[in-house]
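I have a structure I would like to understand better, so I am pasting it below and will then ask my questions one at a time.
Chains here go by letter, A, B and C, matching the order in which they are written, and residues are numbered from 1 within each.
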Amino acid sequence: MTPRRSAWLLVSPLLLVLTLAFFVPLLLLIPTSFREYLPGQGMVPGSFTLENYARILTDGYYLEVVLRTLVLGVAVTVICLLMGYPVAYLIVRGNPRWRLALTLLVIFPLMLNLVVRSFGWIVLLSNRGIVNNLLTDIGLIATPLKLMFNMTGLLIGLSHIYLPFMVLMLVAALQNMPRDVEAAASSLGSSRTHVFWSVTLPLTAPGIISGSILVFVLTISALVTPRMLGGPSYQVMATLIYDEYMQLLDWPSGSALSFALVSMTLLIIWGSSRLTRKWAGLA
Amino acid sequence: MSNLTLRNVVKRYGKTEVVRGASFEIAEGEFVSLLGPSGCGKTTILRMVAGLLEPSGGEILIGSREVTRLPPDKRNIGLVFQSYALFPHMTVFDNVAFGLRRRKEEPAEITRRVNEALEMVRLSGYGSRYPRELSGGQQQRVAMARAIAPRPSVLLFDEPLSNLDASLRDEMQIELKRLQSELAITTLFVTHDQAEALSLSDRVGVMYNGVIQQLDAPEAIYHRPVNAFVASFIGKPNRVSGVMRGGSLDLGGDLVIRAEAGHLANGTAAEAFIRQEALQVQSSPVEGALRGTVALRSFSGPQVQLVVRLGTGAELVVDVPSSAEAAALTPGETVWLGLHPRDVIVLAKEV
Amino acid sequence: MTTLHPTRSVTAIALLVLAFLQIPVLVVILASFSETSYLTIPPQGVTLKWYEAVLSDPTYLRAIKNSLILACASTAISLVLGVAAAYALFRRVLPGSEAITSLLISPLVVPSVVVGVAMLQYFTLTGFRGSFMVLIIAHVVITVPYILRSVLASLSGLDLSVEEAARCLGANGFTTFRLVTLPLIKPGLVAGALFAFVTSMENVPVTIFLASAKQTTLPILIFSSVEMGVNPSVAAISTLLIVATALVLLVAERWTGFHKFA
């Protein structure tokens, strides 16, 4: 058997499974997104309409959900970056004896069931949760703060969930950075702060970008945490898709929203890979 | 043990021919090297013999068995890699036993032959170590033990010494020569190091551009190269061109290099290749010597290298022992270069 | 000077962030032992009644069983399919190997909720929805990219001449894979399998669209019971998951130096 034939033989089972259980289902979602939907009757077979897509851009409610999702994505990314950089720096540049323990402290939450982590935040943030109890007990507040079912809850929960990804990306970037460059900069008379802003930060830019892309994409696609901490009323795109399929049974609208979400993620990934390639070309 | 035969073996990648019809035979127990610059096709030939590459044409025989399209595991060969390619997750013992186990030998026989092989490469007692615990030279020995333990019909070496530092390389060369003569296994050795090839081999094949230019005993390769590539690749001979006149080479300007090249017709454009050690430097005129001036002198310890410019503008490099009288010559002085016609290689100029 | 060590303030901030990462975990563990249904600081009373409640509840037990079967089956299938594909793709003998690789990894890029609704429609239309096999295949789709990625990463660090050496010593293609390649890529394999297992164990967005009531998995159960309000039995089962995760992580770290693959 030629190497090429045996290679096909090895790849084709997986290719077949993914075609039948992933690519075809995804493609079959396209026609659905152009169907008309009549409440109570369901999808109108053979119909064609752009209404489902138009609604996302014109309907005030949909627009709000899309915007909220994007704002959430940007905010969570920024928070993760600000919180993640010191951790990554400590892991890479701190005492090597602590490196493994610190790394495991980052990986452990990552490996832990998402539902469990979100549940932990409910215990903390709900009206009768630990935070509100504590603040009431020490007399700081009289009525409980609203920490869930709003932006605050989602920001805290999602930042916590995706922070480990950011840290791991930054650790990789800091490790791959040529060491002597920093030493060279400080030997040329740069202060610590100046070395960081002028050398360390720009040289870890690829890691910052890929970490940010990852966190952003994961945040705007998240379903579990937004639903658990946001409830059925504070919607993001993923939870809206979920409701349109499971509660409203409006598949056409749900699939249009799905493609909107997919195109947003693909656009981000495609754009960023172009950007990094351009930067790599400059270097 | 058996002989190895290649008949018109060709390897093509698209339109480029990397090996253009290699035909040769290695006798039973013979040690043959393929020597050439990188990209000349020598490793390609070795990999085709091993079965790691499929030839585009021709046939390969081990003994009387045609193996051209057999996979490597069906060929009974031993290959020593440039990177050693030891199995990092196995002990030295398991590395060496690997081939024997594939041949379904008895456990007692395996132990005996592994120990025997390790003894041959002087690594007895290292069986329980892991490759990463060994030095480069020791890893190299394990690689050899692993290749010889199953008693292959043909032993192949792919630049096995090029990853070692110079002093270790000399030591391993001697080791290799000893091993090969003890075992008398038919051997194909690929290298770009001419000293290695010349000192180890029964015969050396000089390769260039996918073609074996000359396959001959080391002395013949050195003293009687068949073409300009072989002549200039082996050693770093002085190279001067001129026109044939009565078996000697006329450089013009009354300079004639006496040679024994009667087979070349008068008037043929030709080149002489003169090894540095064949020239004798004299500070007074000698019959038949070439007159020139010292242009450069450089001292390197045991030797002094002189660059002598002839009247025609051609320059010859001469090595003189530091203790010799000629070593004291300084640039600008006139010298006479004597040489024996026997030491001059004259080849018709290639068009 | 060679390196710039983190200053004290950077270290302090980093440690605070690391603490922030562990807070929900600690809170869940505390809540699982609390007498009251709402956790207070300090906790009032210590009890194991929530564990009792969970471990005697057939709904929970069935969900645990479903989750384990699903995760084991899909990880095993993903391993076989993923390792085979990675082994072939890594050689780059196929035209467009890189394109095929990104195609096979693409389920990672598409938001899970979209994968879920696409499968919901497809398996409803084809009439297979409700079959446990469909659930397994769905989990293979979402877990296989992890295995593919980590095995490809391991293979790229492999010295190909090691395989060639094995072939020359008389091992056929499969024996070479079994005795040489497989042991050498084991760390990546274990890491990939672990990621796949964890991904399957925690998946909600795909499972929730495909699983029937009987096929409910543990994360789905927790996810939907939370809608009814905070319940300490959820904390108990969560604590069990936390302990299991920590153990698995430590074993994997000991065994393969797992953190290098994260």
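Convention: contacts are C-beta pairs under 8 Å (C-beta built on N, C-alpha and C of every residue); 3 or more make two chains touch, one makes a residue touch a chain.
Chains and their UniProt names: A, C = ABC transporter permease; B = ABC transporter ATP-binding protein.
Computed from a predicted model, the values in this text were never measured in an experiment.
Chain centres were defined as the mean of their Cα atoms; on that basis the chain farthest from subunit C turns out to be B. Note on interfaces B-C and A-C: more C-beta pairs are in contact across A-C. The distance from the centre of subunit A to the centre of subunit B, with each centre set as the mean of the Cα atoms, comes to 60 Å. If you average the Cα atoms of subunit B and of subunit C, the two centres end up 56 Å apart. Centroids of subunit A and subunit C (each the mean of its C-alpha atoms) stand 17 Å apart. Counting only residues that touch two or more partner chains, subunit C has 173. Those residues of subunit C that touch subunit B in the complex are listed here as 159, 161-162, 164-173, 175, 179-180, 183-184. Listing the residues of subunit C that touch subunit A in their complex gives 1-7, 10-11, 13-15, 17-18, 20-25, 27-28, 31, 38-41, 81-82, 84-85, 87-89, 91, 93-94, 100, 103-104, 106-107, 109-115, 117-123, 125, 137-138, 140-141, 144, 148, 173, 194, 198, 201-202, 204-205, 208-209, 218-219, 222-223, 226-227, 230, 234-235, 238, 241-242, 245-246, 248-249, 253, 258-259, 262. The touching residues of subunit B, when paired with subunit C in their complex, are 50-52, 71-73, 75-79, 81-83, 85-89, 98-99, 102-103, 146-147, 150, 156. Against subunit C, in their complex, subunit A makes its touches with residues 3-4, 6-11, 13-15, 17-18, 21-22, 24-26, 28-29, 32, 83-84, 86-87, 89-90, 93-94, 100, 102-124, 126, 128-130, 133-134, 160, 163-164, 168, 179, 182-183, 186-187, 192, 195-196, 200, 217, 220-221, 223-224, 227-228, 232, 238, 241-242, 245-246, 251, 254-255, 258, 261-262, 265-266, 269.
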